[in-house]
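Chain IDs A, B and C follow the sequence of writing; residue 1 opens each chain.
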Amino acid sequence: MKLYQQVLQLKERRRGFHLVTEEIVRALPQMAELQTGLCQVFIRHTSASLTINENADATVRKDFETFFTRTVPENFPYEHDTEGPDDMPAHLKAAMLGSSVLIPIRQGRLALGTWQGVYLCEHRNHGGPRSLVVTAWGE
Amino acid sequence: MKLYQQVLQLKERRRGFHLVTEEIVRALPQMAELQTGLCQVFIRHTSASLTINENADATVRKDFETFFTRTVPENFPYEHDTEGPDDMPAHLKAAMLGSSVLIPIRQGRLALGTWQGVYLCEHRNHGGPRSLVVTAWGE
Amino acid sequence: MKLYQQVLQLKERRRGFHLVTEEIVRALPQMAELQTGLCQVFIRHTSASLTINENADATVRKDFETFFTRTVPENFPYEHDTEGPDDMPAHLKAAMLGSSVLIPIRQGRLALGTWQGVYLCEHRNHGGPRSLVVTAWGE
């Protein structure tokens, strides 16, 4: 069994949902050596998150932003409010969506479904660059 | 360390939450050889999801459907609406619940708690068959 | 590749969100031998969950409790209500937050971001002790 791990720095994105599948694949070219395995992507932040969803129509990603901003409101009596009105909602959205994705590898490639891509979910207005850890293992 | 991987096709289910633990276990009988390990189940779709919850009382699964349909409404000004009113809510529910579950293996069996089972969460009215990838590794 | 697994019993906590990172690290000291790897923590219950979020300001954890209790109400026409009004909401919150976390290991330590910690999310009023399984693997 082989195991590869790489830190991946993503440049700052605006608030919203962004496809980053290709950046992840490029970060760990050794994935191509694995006939069977798994790849985990982990985000080292608490106000941004990772999820897997539709990779084709950009309106899906816009609807994600609209829906989550309505469901996790900024005008709510949060106690933790010193970092601005977008901060506590960002923590809550990050928990709902999750800090990592785990994807099977088959024949050297991510075995995603036809319509699946990895989203970076940026929940802050000015979140800055984001640090990921990509780990793949298998045979 | 051993690693096993298998594609598992699930037949079409009606919209709602369905226990599929037994189908997963049957898909990968080699799991029985692992004294210690992990098993991941991944769904290759963006409008159905996987989660772990109560395995005994079917009303729990009915309440899941009622709650998530209220929380992620169909009558909402989504931009992505060409595939029907159940489509965009399905994407959002899938992101909230997740595209995979990861379960420890002990003595050749899934080390689930007494009341835990794996749910296929079918968020479309007519989602069709669903493709999973089951991967187990360990010693 | 090495693989270590340990059951970890957590003492009863009051309903709410609790930092348990240190207890997890102490449960599996062999993690220190892994230069590169992953650590999974799994909860064997359906009315408590695990997530990763802010580790510094306790008001974040209070806001989590307030927000999730508002979003998943107790006064809702659930069919599954025989175990008390906090039971079905606990199942739903557990599904939204997830039954496990998966964290990279680098140089013998959890590669969490500066502000990340592992939360035990106790959704019941009297949930009792909680059983976790901690698994780490790597080189």
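Note that a residue touches a chain if its C-beta (ideal position, glycine included) is under 8 Å from a C-beta of that chain, and two chains touch if they have at least 3 such contacts.
Everything numeric in this text was worked out from a predicted model, so none of it was measured.
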item: Touch-based graph of the chains, sorted into line, ring, star, complete or other; value: complete
item: Copies chain C and chain A - interface residue numbers shared by over half, same or different; value: different
item: Geometric centre distance via CA averages, chain C-chain A, whole Å; value: 20
item: Touching two or more other chains - residue numbers and ranges from chain A; value: 1, 71, 96, 98, 102, 137
item: Chain B-touching residues of chain A, taken from the complex the two chains share; value: 1, 36-38, 51-54, 57, 59-60, 62-64, 66-67, 71, 96-98, 101-104, 106, 111-116, 119, 137-139
item: Partner chain A, residues of chain B touching it in the complex; value: 1, 3, 5, 40, 42-46, 71-72, 76-80, 88, 91-92, 94-96, 98-100, 102, 131, 133, 135, 137
